[in-house]
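You will see two complexes here that share chain A, one where it goes with chain B and one where it goes with chain C.
Then we have the complex of A and B:
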């Protein structure tokens, strides 16, 4: 005779590692393995500083990857983040430039820097709102909507900069945020913000109802609605969140380079998508994690930097990315199928 | 000539189909004479669809033979059946909306020269066939501009012009209005005049009496009778043949039913529903019984707020029916018709499925208490005896009955006071069925209300205290369950007999 408590313990004791943990470990070990292999091949690669550089050099894409990962898990794409990076950077510069410059590209609105940043952020959120409006209200596939808003955002940036860039007549402290180093080290503020964002995102994903809702919606939107989940509102929040992150990234980049450049963030939307896929996020939704995405970014960074640093010319990096993506998706499919046989 | 008359166009002998644990078709023998309208009737689960699937090659019989015009016929797929001259008109239509009527009719038979389409005598032949069965359809019209009934006629014309001489129609009138039904009947009669044979399957007995020459009745997979309809004494004899015995009854009147109404619905109307009004009491189990397409699912979804309908739905004095979210908050939960696509998150685990309808119970200020979720999952796996070795099992790997229990657990966890169960035991094995009925009874005994939407008469007669009978979107009558309930009369009402039931 087994008492109920014994039976219950049996039910929960057979705690197999969850699929998510398994994929995260897989991705992390691939990242570590690749780093070790690269260290054997490339002189001076095996250094803590180098590892740190791999992360800090990619702070922008990793930050964008957070929003993109959440959206992918909910079953939606966001290809507009690269465009938003360009738009918000250009807007921040334009609003902060003082009036009456020598030519049109040298004169802006002369707003205080903090207000210029808020205006740029508002521009970013507008694009996010448009995404949500078309995806949620008009039921247009997200890949089409965000492809459109990607071009719209970059298009506006291009018009504002007349296809060039705005980098004169800026307030003195404009470059402060993007270049500020912290803790007496060479670590810059954007990298610290990225780290904070990652921690918050993992907390939301693992511990908060909001994170769990994202998985349910991605796993089965019909069942989610019939279970009382307000899918439309949730996806709207996710698009706004993703646009907000992209907006902040754009503002920080414009500060780092003290310029608003309409081609900034070019192809970042695809890099963000690639690192999410490398990190085991399912393209059909319902599965994936921010931690996986982070290690996915590491894999991509190791592969491209090691290979282009020694063996191949930088022209090969797209082909390397392509190979990495195919391998990642095949590995994920294989690993999950094997576990769930 | 006379010998031809005695060679049936299609005959089956000793036809049997076994599924694991159940014999769906059991030693059925009958034959279908040339150029007749042969009707096939039986309750849900009588074996009609399995029989039809074997005739059309979608399933292979376990034993027995089929013959077409006296020679052995063993189709491996619907395509081969077509080559023997047997075509099927399914409930879902297979026409291409973007093409014209003519293009649809000649689809796959086009003639070409150098890769370019050419006009051929095929077109004229097809146009003639169409004109002979339904002159009012313009061959150059775009199919998207036609009604459902007209599209069906296009499919019939396609079958007829491709040389089929037996056309099987599976519930062709389910989606048609009365006038369209008349038109379809005209088409069927003209087919008969051109020496085609029609096998007609329907639940609507009036249609069968009006249209058919011969009727074959199946019950529990067995062949009951094949009779000329001219020798059948009306609906009552058909119903008697379909039921045969008294429907198995294990209903015992429940004592916890109260007179306190929790749900009051008035004037529910939509495209299908016609002014449906009823109320459900606290502690009561009510059933909504009707044929497929009678409006059961529509009522369930309307009460839950999943579809917009007009009319008023009051739950404990509060207006509901705007969204599932609101319904759940008010204390209503739905087990949807399709558990795999609408009820479950199949690629998530049992643990992740159970808490979803009641997140308030598991969170403080947006923080999810996963240990409580785990405890809840263990609790419900235990309570509903869901057969699994771990709550971390993916729900897609559970059996149908256990999947349904997980969906039930989801609803129970929401602490609903009114449960709407749409086909709660469809595709569920007998053991799990009994367990689910016990769960339902216990819920009602605890003072909750349950509404069961079902196409199975035994199910509603087995557990419901009160049964609403539906026919094509309207609530025809209400039956209080008890030992002297007349199943014949219930079937009469839901198949379109308008006499009504005396309570």
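Then we have the complex of A and C:
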């Protein structure tokens, strides 16, 4: 039987962390290099504030990228996060709006804010649960499932907001969470939460059994099952985790803008996937890291903001993203093939 | 997959099994009939879209069929690609880019047939580029076509000058007469050219699937790639060819859409990949590859179009995303249940 060799391969794969470090270093140096090049070409680009802005402006996508990265490592896609962002934001607003407004869009359930947030989170987790149900139980390819749930989540948001947005009759403290600044600086709460999430994610990924199992499952599902790992339960947790992060992002965004908008988070699922791929996460599973994803996000941010600075038409961003992902995938394949020759 | 088990169980086949088999093969026609009956019975006066509230009114049927032309054109080729185990998420962007190219040619005085031909060649090129990324560069189909989704969309947006949302008459340039009539004016049975092209494409692909080696090889590639390769099929070539065919179909779909709307909108194909996947799943194509019928996807496209347009008369437009998402999940789940039953029997 071929099973022992497969298990061995998975074992050696998970121990060969030097590959991971190599790719992370590669991605990080590309990010730094691009930042320096952009500084030469674009006036006023080389500033601390600008570097900080590149990160803080992308807190939502980077946070979503954490869940998406874990799922990719386990060998699954999650394209539903953008839809969940819209859904949870709209639900938070709907539950928090006081009853008896002027029209249908102005009146909600009048729940206290904390309860409204919990209900919105429950809505997000329901979508995550649906993802898990279809992928794990029905064995339907995750790309099709999460495309479906993306439309389902956004569809519910559109029905609740009747295709536009809800932004009236909200409690006074609704905008507090998304706009709160901390430590007397201009750094907002969502950015700090993103940083905390990143640290926790790196810890889980490197030091905890849960994180290491994710790599095993992605590298070789058969071997993982044969060694007694409950793959189904693991993937279910990952989908719930990703949906939970997306739900919180949606709630924070709705608080920041004090509105529940059904088109919010549009294309965010695509951007989260792009930064993970730019960060060297393998589509086949079993390889990649949250650190790489973070630097991937930096690369995308530098490229798009530098392009805007060079007065390229905003239409260029689609082409730039495509070329960046293509180059990232080709480089990763080439670098790993060279190392392991 | 089915044939060996059905021949083995042939002697033991009971009446119930025969009925189940019949339903599996022809369920799609019952679904179409059910959709038409329900929509005919529903109260359709609400938005006064259908004259006298009758779904089966002649002008309404013509209207639905000509709006469906793009999806009908695309369904067949997309099915063959999924049968071979691959997927193309860039069809919407290919459509948008083709629509822009076609409109640009037309508005600058290129005659109909030339513009038509050039756009088809462009579509073939875009499809072949997808094939190149997948076959030569060995990028996973989902990612490769996501890359080109973004790339083609960017190109289409760049072709339309800043400050304008689509190529249309104005600023001294005028769309020729024939541009709009291709997608609207009835030539046979009151239906426009775009619809008959969709029918022609489907007929060709049905013949290709049933009578030519392409259909056999596509099924072999999707059913078991290793076995197909070992038996001497050049799977890379087949996949490359299929991506090209999907590209041409998407270009034709783009032409149909831009003719109907009388403008070259770079975003006119947005979300088309979801509709195509939905249609193919409703048609009973296995997403793991190896199984699927072009004709059933064509009927599936009719169902989806009748549903989406019929729905507009019952519920407000903002219900559409929700219904399509729910339909996609339902189709995927029932597809799974059916295929599980097959493997169990």
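Everything that follows uses one rule, which is that the second predicted complex is superposed on the first by the 323 of 341 C-alpha atoms of A that agree within 3 Å, B and C clash if a C-alpha of one lies under 4 Å from a C-alpha of the other, contacts with A are read in each partner's own complex, and residues count from 1 in each chain.
Throughout what follows, a contact is a pair of C-beta atoms (placed from the backbone, for glycine too) under 8 Å apart; a residue touches a chain by one contact, two chains touch by 3 or more.
Computed from a predicted model, the values in this text were never measured in an experiment.
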Touched partner set for A:143, first chain B, second chain C, both or neither: second
Partner chain in contact with A:109 - chain B first, chain C second, else both or neither: neither
Partner chain in contact with A:151 - chain B first, chain C second, else both or neither: second
Chain A residues touched - chain C or chain B, whichever exceeds: C
Contacts of A:287 with chain B and chain C, given as first, second, both or neither: first
First, second, both or neither for A:257, with chain B first and chain C second: neither
Touched partner set for A:317, first chain B, second chain C, both or neither: second
First, second, both or neither for A:326, with chain B first and chain C second: second
In the complex with chain A, residue positions of chain B that touch it: 304, 306, 323-325, 327-329, 334, 336, 341-349, 352, 356-357, 359, 362-363, 366-368, 370, 374, 378, 381-382, 388-392, 394, 397, 410, 414
Residues on chain A engaged by chain B in the complex (per definition of touch): 4, 7-8, 10-12, 14-16, 18, 207-213, 215-216, 219-220, 222-230, 286-287, 340
Interface residues, chain A side, partner chain C - complex: 77, 130, 134, 138-141, 143-145, 147-156, 158-159, 161-163, 262, 270, 273, 277, 283-284, 313, 315-323, 325-326, 329-330, 333
Complex contacts: residues of chain C adjacent to chain A: 87, 133, 137-140, 142-143, 146-148, 150-151, 153-155, 157-158, 162, 274, 277, 281, 287-288, 316-326, 328-329, 332-333, 335-336
